[in-house]
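All chains are identified by letter, namely A, B and C, in their written order; residue positions are counted from 1 within each chain.
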Amino acid sequence: MTLPAKLTEPTGSPSASVPGAGATAPAGPASPLRVLARVASTIWSNKKARIGVVLLSIFILMAIFAPLIAPYGASENGFGRNQGPSSAHWFGTTAAGEDVFSQVVFGARISVLVGFIAGFLSTLIAVVVGLSWGYIRGPLADVINFIVNLVLVIPGLPLMIVIAAYLQNGGMTMIIFVVVLTGWAYGARVLRSQTQSIRGRDFITAAQFSGDGAARIVFREILPNMTSLITGSFFGAATSAILAESGLSFLGIGDTTTVSWGSMLFWASNSNALLTGQWVLLFAPGLCIALLATSLTLINFGVDGLSNPRLREGSGR
Amino acid sequence: MSLLEVRDLSVVYEPRGAEPTYAVKNASFSLERGEFVGLVGESGSGKSTLGFAVTRLAKAPARISNGTILFDGRDIASMKEEELRTQRQGGFAMVLQSGMNALNPVRSIRKHFGDIFAAHGHVPKAKRVARAYELVEKVELPRTVLDRFPGELSGGMRQRVSIALALALEPQLMVFDEPTTALDVLVQHAVMGTIRDLQKSENFTALLISHDLGIVLESTSRVMVMSEGVIVEDGTSQQILQAPRHEYTQMLLSHYADPRAEVVEVPGLVVRGSTIETTGQSTVADAAPTALAGAAAPARRRAGRPEATAIVVDDVTKVYPAPRRGQPKVTAVDHVSFTLAQGQSMALVGASGSGKSTLAKLITGVERPTTGAIHFGDARVDTLRRKGLRELRREVQMVFQDPYSALNPLHTVEYALMRPVLNYTGLRGVAARTRVLELLDTVGLNPVEQFAAKLPHQLSGGQRQRVVIARALACDPQVIIADEPVSMLDVSLRAGVLALLDDLRVTFGVSMLYITHDLLSARLVTDQIMVLNQGRVVESGETAQVLRFPEDPYTMELLEAIPQPQRAGTGR
Amino acid sequence: MWYLLRKLGLLLLTAWAAITLNFLLPRLMPGTPADAAIAKLAQNGPVDPATRAAIEAQLGVPTGDAWSQYVQYLGNVLHLDFGVSYTFFPQSVSSLIMNALPWTLVMVGLVTIVAFILGTLLGVLAAWKRGTWLDTPPTLGGTFTSAFPYFWTALLLVFFLGYELKWFPTSGAYGRESTPTMSLAFISDAIGHAWLPAITILITSLGGWILGMRNNMINTLGDDYVTFAEANGLHSRTVAVKYAARNAILPNLTGFGLALGGVVGGSLLVEQVFNYPGVGYLLFNAVTNQDFPLMQALFLMITISVLLANFLVDILYGLLDPRTRR
């Protein structure tokens, strides 16, 4: 994760870039929209990231249109118990007589929602902490450093489990809360080191000389230069949020009546789906979690290439 | 038969998702045994790419698209990896531009030598240690350097180690790619001296790639000049110096002058004795300022602002804590006193580490002195808080060294210039925009509307530096601190920017503190000079006087280190 | 030496912060878990005042000022005195943890080290042979498997390799008829039971190490010292191992330290699936039974273990990077 944001090459070093290649970027003002468009097009140009985007879109569509796609309701339980796959129930039924396929479809809602909300909140904290931590100097920076390192080394899942145990049945809000509480630190660290490197550049000193205040410098000069890292942090945080949510739900922490891929596996393993041989019931929810998380990681391959040209495809030896 | 014969060599860059570009186009040349040849060009001319190609080090996205490279009669352009590897011993070696980073940080120097001997087996095991000692001594390093790690060595020492490592191959051809560019002036001079001596004593063929025609002419017997991927001129150093045929070579040459001369002239600037004139003639690509005559008189603009004020530096010392435990503290500035009077132009010169940049930080309030005081009018700069600093910066502005780093790549020129206008002048809306366009006109970036909308990457280095200067002028300051404003620019662009700075200073009555290691530019744009060595002022006075008749040995050393094309072929 | 002292100081400081966090957590939470706990304990028989006071001190019932509680708590922690478990009354929390800890340390510890070394090697190969069959399958495969939830991998292995193929035992750390002794029979029985959880952790964590090392290695391959080594005609294996990989391993070690917490968390889930009698299984039992003293002490022990592992990684880093010796 070392990210030397070499924005320019003072003297042409042939191994790094074509002299003057920077001048081929699109013209026009640097509105946030344009920056995002650049991010999107770079991501799309990476084959792996493109697969990720397609996969993610499928899951998002599945979550949005769940009631249209699923043949039954998520908790509709009037069907035969522990049935194998059939034409009426593609993935079979659960021990409580619910339709597995419908549950898988509805489960996408929880994972996508938790992923996006927790990912967004973690990234928000990471941005605020990372940028101010990178910009300030002195003892306060050391204190933040210590706190971030503490949050980083404390094993996240046990902490979440303990907090969740104290909070008792807080449901999805509680899960998002604990996931965010432990998930922001990594992004903050990455963003901080990049902030420090940008802070050392002359245009920051120049902005100070132009009379700009600290807040404006952080948000107008530094922040826009970190779009790719922030995007990366978001997908990273969302991935771990999705995995953490599934883990907590699998342990039965939180609201077990909510239909999520994690809680499906909780019920499956508690009702001994292993013994009844319902491998689809075991296989499908976990595969969905894995595919959703993979899609985000794949997108991050493209995002990595944004800030580190060496990681771009085709720049191999 | 020539040692190296290159025929119709082309190198193409094929980055993913971008158009392929030819960095080298059908280059043909040959190197005779024992020859010392220079390859000169500005950034982007393809000279380094050519160097990497002839040593077969070009990596993707660069690719040799056609041509042959006959080394000792064998074509290495299409040679297989393993055969190529064995050819390197007793064949061709390369010393990289960034010698600082050319050594493995976790491996001792001794092991670096060991790896080379092990790879080729050309030195019997029993003699390897002795050979390594011999090699480091050849590059004027002590034997103890073998037990050090790269991080423990200075930049100059590291570059010497890489030269010794390349020599360990006992090559017939050595390619030096900007071997001294990243080094300090004095170190640069010493390392170049070592390279010249080695070339004579070891009698290898050498190709010296550099952007600095001065350095090249001083060392080599033959020079090739490259521009836009094409070798435009190839002749003896004497020919190049006395009768350059290609206009590009002529232009490069015109930017060299001896700061010790009575009359110093580069395109756009002439100084005689201590008086400065601008010739007003346009310099190469960047248009010279045209609107200066019509610019508003400084008196009108200063209405309601503090009267002319001097900066007084009074016995200032700055001590930094030790970089590592167990080392002494660093005294960056040591009891320095001087006064920069209104309208004056003063040079602050010295090698890196002389404390000149630290002084700039102290004067602008970025850092505070350990002892001593800095006065700007009634204000004590060294005690200013946030609000006071803001007021100070309205009067004291900076021009930065690296124009690529001084502009935020995501903001337009208009945004960059609008910030100080809005923050300091009180102008709003149309008036503010008018002021921005006026500034662009002042620094000669016409048509102003077009330049205002551009992003930094759409500008050349010289144009960027003009924007940086315009930004510094936006709040109509009294003092400009220029920190090596042209050292990152190509030679051809330097004079234009210097002429602009000088014009503006005179027109607006701004005083300037010009920080540099480059004595020629100091001679061109300043009338007073201070020479700093290890934080102390060793010599000061009128620029022309000090440079023409230096008294301090350090000043003489700095002057001696300036590459002089005139020495071409004298084989110093 | 200075580096080592600094890291040691940091370890102690972080450990203190973790202990303090553990003290504060129950006190920051709504309600008083102590009441619930005492009520739960009362089901096993009458609660004597000493036990009640001990529980209240641990769980933050405001007896006395917070400061003296804190001091008492610190003293207890130093003596590894975490009180009595409710679930396994009257066993002490310390003895429960001491029984569980070795299983987790040996199984999870060994697998993590193996996974790290194997992943690092595969990452080096992938970057060195970028774009070939040594790169694409491990990279894409690693991306996919590292997205597997630990417990899901565990469930699938139990189902296919345990129930369907019956290759491995699916539950516990040793057979019902074995008793924990240092006999050869017992050890081989334990190893047989450790296979499935170990494979689970290996599959799920390997990808992360591969990807991390591959990225680092791609970065160092672009560094000047690699180009210079090639210019000097060193054997390509020397360049790959002693130049590129040797430097790429350094940030990977830092990454290892940071990712350790995640792997340990994942292993807890794995223990839960396999009923493996380590700290994860115990923690889960503590949570479902609201056994707060056990839960808190377990969390502390897990955290301290990860901190110690991080410290060892730091020492290793110091040995590998000459720049820390200055």
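Please note the rule applied: contacts are C-beta pairs under 8 Å (C-beta built on N, C-alpha and C of every residue); 3 or more make two chains touch, one makes a residue touch a chain.
If you're wondering where the values come from, they're calculated on a predicted model, not measured in any experiment.
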Middle chain, criterion being Cα centroid separation: A
Selected pair, greater C-beta contact count between A-B and B-C: A-B
Chain A and chain C: spacing of chain centres that average the CA atoms, whole Å: 23
Rounded Å distance, chain B centre to chain C centre (Cα mean): 51
Intercentroid distance (Cα basis), chain B paired with chain A, Å: 44
Numbers and ranges of chain B residues touching at least 2 other chains: 57, 59, 98
Overlap residues in chain C, where contacts from two or more other chains coincide: 227
Residues of chain A whose C-beta touches two or more other chains: 15, 316-317
Sites on chain B touched by chain C in the complex: 55, 57, 59, 81, 85-89, 93-94, 96, 98, 101-108, 115-116, 118-120, 149, 151-152, 162, 165-166, 168-169, 324-325
Interface residues, chain C side, partner chain B - complex: 2, 223-225, 227-236, 238, 242-243, 246-247, 250, 320-323, 326
Touch list for chain B against partner chain A, complex: 13, 15-19, 21, 23, 43-44, 46, 48-49, 52, 57-62, 97-98, 178, 181, 211, 364, 366, 390, 393-394, 397-398, 400-402, 404-412, 416, 419-420, 423-424, 453-455, 457-458, 468, 471-472, 474-475, 488
Touching residues on chain C, where the partner in the complex is chain A: 13-14, 17-18, 21, 25-26, 29-31, 33, 130-131, 140, 143-144, 146-153, 155-156, 158-160, 163, 215-216, 218-219, 221-222, 227, 251, 255, 257-258, 260-262, 264-266, 268-269, 272-273, 283-284, 287-288, 290, 292, 295-296, 298-299, 302-303, 306-307, 310
Complex contact set, residues of chain A against chain C: 1-2, 15-16, 48, 146, 149-150, 152-159, 161-168, 186, 239-240, 243, 246-247, 250-253, 262, 265, 268-269, 274-275, 279, 282-283, 285-286, 289-294, 297-298, 301, 304, 308, 310-311, 316-317
